[in-house]
Each structure stands twice: as structure tokens, then as C-alpha cells.
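Each chain carries a letter (A, B, C and D) given by its place in the written order, and its residues are counted from 1.
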Amino acid sequence: MKMDKHTGMTLIVKMITRVTVGFMLVFGGYIVLFGHITPGGGFPGGVMIALAYILITLAYGREFVEHKVSGVTASIVDDLGALLFWTMGIIGLYVGGRYFFNFLGKGEPFNLFSAGTIIINNIAITLKVGMSLYAIFLALAILQRVVTEEEPKEDEK
Amino acid sequence: METVIILHILLVFMIIGSIITVEIKNMLSAVIAMGAVGFVLSVAFLFLGAPDIAITQIIVEILSLIILIRATINVDNVAIEKKEEIIFSNRTTLIFIGVILVFAWYAFHSLPPFGDPSMRVSQFYLTHGLREVGATNFVTSVILDFRAYDTFGEAMVLFTSISGAFAILRRWKKEQHKDFLRIDREH
Amino acid sequence: MDILLPFFVAIPVFSAIFMLIVGKWEKRIFPRVWSIITTASLVVLLIIIYNKGTIVHEVGGWKPPYGIVLIKDNLSMLMLIIVNVVAFLTIIYSFSYITRYEDYLRFFSLFMLMLAGMNGVVLSGDLFNLFVFLEIASIASYALVGYGVGAEELEASFKYLILGVLASTLILFGIGMVYSVTGSVNMADIARFLINHPGNRAVLMATGLFLLGFGLKAGLVPFHAWLPDAHPSAPAPISAMLSGVLIKVLGIYALIRVSYHIIGITPLVSQIFIVIGCLSMVVGALMGFGQDDIKRLFAFSSISQMGYVMVGIGLGTPLGIIGALFHLLNHAGFKSLLFLSSGAIEGETGTRKLSLLGGLREKMPITSTSSVVGALSISGVPPFNGFWSKLIILLAALKAGNIPVAAILVFTAFLTLSYYLRFQKNAIFGEVRKKVEGAREAPIPMVAPLVLFAVFCLFAGIFNNSIITNIIMPAQEILLDQQAYIMSILGSM
Amino acid sequence: MTLYFLDFFLLTVGLYALIAKRHIVKKILGVAIMEYAVNFFLILIGFKKAGIAPILTKDMDIATFIQTAVDPLPQALVLTSIVIGLGTLALMVSIAIRLYERYGTFDMHEINRLKG
């Protein structure tokens, strides 16, 4: 991890983000995967994961995160999440004759794979919500423009 | 009984906070006041037995604060308030709102009293939810199985607004890439 | 057969997402061709389910009051025809119109999402689901109105966005009140509950909130502030969709469905419809008079034509509703034609000002003839379709013994005729002005839809009774028969 | 009942900010306050006296749970409405930023005057 000093915020903020980002990602993942057993679900989990990435971007500056999750990959993952949610609807229509039919087995209540397609829908929403909000944060806060065509990499700062 | 009192206190606090948000001069403190109203709202959700909504409200509140502060932090947020407001438009809106409030006072009398909802349809979700969907969090079972089409529509709403915001934020080629922050320093 | 209903929403959504994924590599030809394929497949789907009667699709396999239900009855069939046919022709038009913007991808993706939202609103049998898809269509149209990212496009789209979000919030508050009283969000279930428990003040306030919210989306007079600003700055295909289809589906159709099928029409509500209708007619026509920018002129005339439809709906008699629905169909035809031709004119001459235009007849023959057909049919000149629908509404007003309304109808008809004659005199006929020298005919993809709309205006005028009997009449019967609507969804009163 | 009325008052505070205030960010804040008021109203109508959250835990038996659980349907509606509010907020802020770039001010009347 190239730790150049001048981009991003002060050292204290960097140290704290290094500690808290781990907890945020784990807690976000927990909220998404156990969304049908304990409170939470696709939306809050997805936004929490996006906030973890936003925290890194704020603390360490854009270049640091750019090669990890750049704006373009974020919007591609966002489209894939939306596509996954869309296919869940169509598979339900194909298998059960009804749009968004819950075709997977129900399992018994209190363990992880207990509610059929709800888990996959949750993951699809997480991908979609998380990555699209991270991409819009990048566009709004840091870049002031949308990474559409690959201009020459002149440094904005 | 005490939850009703607590809710009244929280609601009064939210009204005061939102009046501060509307009337305060500095834009940044207006955004912070609105953030406070949002956090009190998520505490109120906890008292109303909605943990899912409380988590979502706090998280979405943090994100909208980041976005809003981004829009207000480096612009002339005090200059606007120096000019006096146009009295005419404020007065007519206040009268219009007063009329609606009087009409609303009578209308809310015929709503079912606070605390016993006529759960005609959602009783089915509670009774059949566990057996037919298998999720123990009934809100998620309503969101992702009974009304999954709603949540599909809602994910598309977020998809549209993000792609619309990208369409608005795109740069035209003939426009040079002037940095938004740099404009202000030139002023 | 009911498997096909969800595809009206699924196909445009898939094409929007797939377009964005492929757009990372190919941005110029693929989005345009892909949108034409999508809208063509929607029109084919429309033809398949055309005369299959009422189709009900329970989403997720749950019985109606507990799950969401999609319903295609004759009224939503009429709206589906308007939405998908106008969208197909507008997409063909924007195949070559879009070249003036440099980012095609987002335009067509947002267009497909707006289409999905409108199809979702028309098909939905659930009040909250109608709100969600109304939100999709509105947000896509906010971004599309401001697509030009110029100074006044952004200002117009911001004003439209603020009033739109205000309308959506009021509608959601109304849905909350209706849910609190009736305990359900399914339209038929609410209607059944309200028939057994009539006269609730909270439902009356919810009706007021719906009237405010959907009236704002329909651009009716007390809340029309955003329409005349949104149209001139929106790209031509978007203002054609906005005024030809969006204000009908999100505003008028939702108002009809809520007032006739859910809450049940009362004399008070139909009186309010007539008052709002007359206000919109007169104010729209009067303010349309002095306009120099042809798009603002068409925007004000949209407000006044929507006033015609509201008067027809407010009369409540079968004849009035037939006239209103037929006028809805006709207005979608000639208003989209006028907006698309204004886009072609602006493309070639670079201006929309009537004072600078003149003698388009020599330079752009096909565009001017089709816009003349559009102008004649909107002002109700006999052979064209506008004449018949305005006539039916006038007869309905006279039959209902409502003389003042009939007088206002005739007065507005003359006003509309006069400012459209002014439009034709200045822009189409007269000698060729400086601006119009360099103009030559618009490219083929822009001209073909204009001709098709003009042909529709002519044929709908000539064969109006056949259109009325097999499209408008069934829609009117289902509209006035709340019991049949409830029976078709819940199967029991 | 007074809770409903106070919540509607909160909605009108947002409505006032939306219509009467000239600063664009104040209008956006007014919209956010209206969203809060509507979401709060939707959850208020679903609350049951001494009701518990509609989430079953291991040590609860199903019969008492069904009697005391709060109404889950409005919570599903509010979850959707919160994220719709976030979507519209993102769009509003991006239009506001571009408007500021174009006009150099956030004052709606100034913009109307400059637009001409």
C-alpha cells in the first residue's frame, strides 16, 4: 500500500480509518447475509459497504482507491447487480409461472439458507445499491465529472 | 403509555430542528440541523418497533449528509440570505398551509386511533410468513417475497436517479475540465 | 397469456441495463439500434395481447389482496397503445435527432427506463406499486428534460424536479392515509372496503392530496408552472413524450383510476374536475396566444387540451368519457407530431421563434405539410380526428345540460383555432425568411414518424366510429363499472 | 391523533421551505424534511400498542408473536420510500452543482432574472 503523505487527510484520520474500515465491511456483510433473520437487509448493508469505500477515499485521496475500485468498475458492478435482480424475476416467471416466484427451497427458519431466493435478492440489491452510491459519490465529490471516456490521465489535483 | 410521551417529545424536537433548518442563515449549519432531525427520526423509529428502518435511516442519513455538505461547503452560502425575502410569496404560502392544517385537523380525527392499526392484510403476512417464506424477519419477507416487484421497482428508481445524475454531471468535450473548486478561488 | 404482462416492464428495464453494460465499448450505433429493437418488440407484444380481454397476473404467486397484481383491462389497454406506439415512433425520430448531443448512451437508457415506468404505472393494480413506477418515470423525465446541460435546461429541469418531488410526497401521504383507514394497498381491496364503509373524512383528505399530486403531474392549471418551462428546453423527442404521453399516464390516467375505481366518483369530485378542466382550457389557450417560441405555444396548448379531457371526465356521462378518452388518444397523436416537427424545424433553421420563421413550405415540404395536418387536427377542423373528439365532448356537455361549460368549450375551440392559424401563417406559409434560406428537408428517420402521425390523424378522423367502438367504448364501459373492476381482481364483492 | 397532526405540521414546514425559500439548497433541505415527515407518518400508522418489532427470535413462541407484532407492511413501504428519497436527493444535488457552475449563484430569483 503506497502510503504517500500529501494526499488525503492527516495521519490520525488515516490510522482510524485503517481500523474502522475492517469493522464496517464485516458488519455490512453480516447485515446483508443475515438480512432475513435479524434486522437489516440489502439496502442498509449495501450502503454500509459503500460508506466503507467512501471513508477510504476521503481519508486516503482518490488515487489510492482508483486502482482498487475505479468509477468505471463501480458502475459495471452496479449494472450487474441490477441484472442479477432482474434475472431472479425472470427465473421465477419461467419456473413458477409468476413474476418473482420464490422457487428455491425454504429450509427451516433460523439458519442461513432458510428463505429461498431472498438471500440472492439481498446480495443483488447490495451490489446494486452499494456500487451505484459509491460511483455517484466519486462523481459528485471528487472528480466533478463522470468517468465516461478514458481521457489522458492528467492529474486533477 | 410512555412511548407516546417520548414520541411527542421527539416529534417536537424534530419540528424545532426543521424550523431551525429553514430559517438559519448559514447553509452549512442548516445541513447539520437537518442531519440532527434525521438522527432523531431514526431514534423514533426504534421506539415504534422498526429496527430495519432505523438502521436504513441512519445509514442513508450519513450518506445524504456527505452529499449535501459536498454541495454547500465551498460556495457562498451566506451571501444569499442578506437580501430580504419577497413578502408576498411567503404570506400566500403561509395562508395556504394554514388552510390545509385546519382541514387536516378534522380529517385526522377519523383515522383509526394511534396504536391499533386495522392490520387486515398484514395479519396474513405474520401468520403465513414463517411457513410459506421461511424468513424470521417478516419485514424482509414482505419486501423480498410478498412484494418483491415493489423492491424491483425501487431498485430501478435508484438505478434511474444515479444514471440520470451521471447524465447531468457529464462534461461536454468543448468545455475545458475546469475544476469546480478552482472556480471559487478565482472569484 | 398472463405470463406476457410482466414483460412490458421487464423488456425496457433489461434493454436499459444491457445498453449501459455494452456502452462501455460501443457508444454510437448500438444504443440507437437496441432501443428500436426494444420498442418494436413492445409494439409486437401489444398486438399479441390486444383483444384478449381482462388479464390478471398475480406477482409472486400470492392471491390479490396479499401480493401485487398486474391487471390489463380495456382502459389500461388504451393507455398501453398510446404509450408504446408513441414511444416507438419517437425512438425512430431520435435515431438521427440525437446526433446533436455527444452522449447517446444515457439518453436511450433513461428513455427505456421512462418507458418501463409508464408501462408499470398503467399495468399496476396496487396503489403503492403505482407510486413506485410513477417515481421511476418521473425521475427519468427530470434527467431527460435537463439532458442538454445548458443554462436554462438545468433551471427548467430543477423547477420540474422540485414540483415533481412535492407531488410525489403528497401522493405518498395520501396512500398512507388510505392504508391507515382501509388496511390494504391493493386498489380493488380498497374499493371494496370503501363501498362498505363510505363517507370517511380521512379518505376525503386523501382524495384531495391525490388530486393535488396527480394534478401537478398532469400540469393542470393551478399547478402548471413547470410545463411551459420544461418543454422549450427539453430535447424534441422528450417534449413529445412528456406532453404526448407522460402527463396523460402519470396525471390523467392515475387520476381517473383513483377517482373512478378506488375511491368511487362523487358529485363533489366530478364538479372539481369540471372546474379544473375549464380553468386549464381557458388559461392554457389565453397564455398560448402571445407566445413567440413554438414549443412554449405547444406546451400551453397541451395544458388547454388536457382541460378538455378533464371536462369530459368530470361530466361523468358515458358520452363525456368516450369524448375524453378519444381526445386523449388524438392528443397523443397530433401533439407528438407538432413537437417532433418543431424539433425538425429547429434542427434545420436553428430557431424556434415565430418572428424569425417563414415560408417553410418550400424548404421543408414534408415537415410543413405534416405539421399543418397536426395544427388543423388540434384546432378541430372537420376531416381530422380533433374535430370528432371535441364535438363528442361538446355534445356530452350539452346533453348534460351544462350550458356554461359548453360555451367555454366553444370559446376555447376558437382560441385554439386562432393561435394555430397564426402558427401556420408565420412559420409555414408566407415568404421565405433569412433564417429559413439554408434549411432543407430533415433526414428520413425524422420525417417518417411525422408522416405516420399525420396519417393517423387523418385516418382517426375518417374512421372515427370504428376506433371508438373497438378501443374507446370498451375502455369507457370498464371505467364506469367499478364492480366489474373489483370482481375481475378479487372475484367477490 | 396529535402525533399525526404534529407530523403533518412537520410536512408543512418542509412544504414552506420548498415553496417560499429562494436558496436552492434550502429547497433541497425542504424536500428532505418532507420525506422525513411522510416516512414517519407511514410508520406511525403501523404501530400497535405495546407492539414488538416483527422479527421472530428463538425464545419467542409464534402465537403471542403474531398478536403483539407491529404491522410489517408500512415498514416495507418506508424502506422503499427512504431509498427513493436518497435517489432524488442525489439527482437534486447534481443539478444544483451544475446550476451553480452555470449561474454562479444558488438564488432561484437571480437565476430566473439571468435566464431572461
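The rule is simple: a residue touches a chain if its C-beta (ideal position, glycine included) is under 8 Å from a C-beta of that chain, and two chains touch if they have at least 3 such contacts.
This is a predicted model, so every value here is computed, not measured.
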item: Most widely separated chain from subunit D, with each centre as the mean of CA atoms; value: C
item: Comparison of A-B and B-D by number of C-beta pairs in contact, larger one; value: B-D
item: Gap in Å, rounded to a whole number, between the CA centres of subunit B and subunit A; value: 22
item: Cα-centroid distance, subunit B relative to subunit D, in whole angstrom; value: 3
item: Centre-to-centre distance between subunit D and subunit A (centres being mean Cα positions), rounded to whole Å; value: 23
item: Cα-centroid distance, subunit B relative to subunit C, in whole angstrom; value: 30
item: Where subunit D touches two or more other chains, by residue; value: 8, 14-15, 45, 53, 55-56, 73, 77, 79-80, 82-84, 86-88, 90-91, 93-98
item: Touching two or more other chains - residues of subunit B; value: 51-52, 56, 60, 63, 67, 70-71, 104, 108-109, 111-112, 117, 119, 121-122, 125, 130, 136-137, 139, 141, 143, 145, 147-151, 153-154, 156-162, 164-166, 168-170, 180
item: Junction residues of subunit C - those touching two or more other chains; value: 13, 17, 20, 59-60, 103, 128, 132, 135, 139, 142-143, 146, 149, 154, 157, 180, 185
item: Graph class of chain-chain contacts, one of line, ring, star, complete, other; value: complete
item: Complex interface listing, subunit C residues touching subunit B; value: 13, 16-17, 20, 59-60, 62, 65-68, 102-103, 106-107, 109-110, 113, 116-117, 120, 126, 128-129, 132-133, 135-136, 139-140, 142-144, 146-147, 149, 154, 157, 177, 180-186, 189, 193, 200-202, 204-205, 208
item: Touching residues on subunit D, where the partner in the complex is subunit B; value: 1-10, 12-17, 19-23, 25-26, 28-30, 32-33, 36, 39-40, 43-49, 51-57, 62, 65-66, 69-73, 75-80, 82-91, 93-98, 100-101, 105-107, 109
item: Partner subunit C, residues of subunit D touching it in the complex; value: 8, 11, 14-15, 18, 24, 27, 31, 34-35, 37-38, 41-42, 45, 73-74, 77, 80-81, 84, 87-88, 91-92, 95-96, 98-99, 102-103, 111-112, 114-115
item: Parts of subunit B lying in touch with subunit D, wherever the complex brings them together; value: 4, 7-8, 11-12, 14-15, 18-19, 21-22, 27, 30-31, 34, 37-38, 41, 44-45, 48-53, 56-57, 60, 63-64, 67-68, 70-72, 75-77, 79-81, 83, 85-86, 89-90, 93-94, 97, 100-101, 104-105, 108-109, 111-117, 119, 121-123, 125-127, 130, 136-139, 141-143, 147, 150-151, 153-154, 157-158, 160-162, 164-165, 168-169, 180, 183
item: In the complex with subunit D, residue positions of subunit C that touch it; value: 128, 132, 135, 139, 142-143, 146, 149-152, 154-155, 157-158, 161-162, 165-166, 168-169, 172-173, 175-176, 179-180, 185
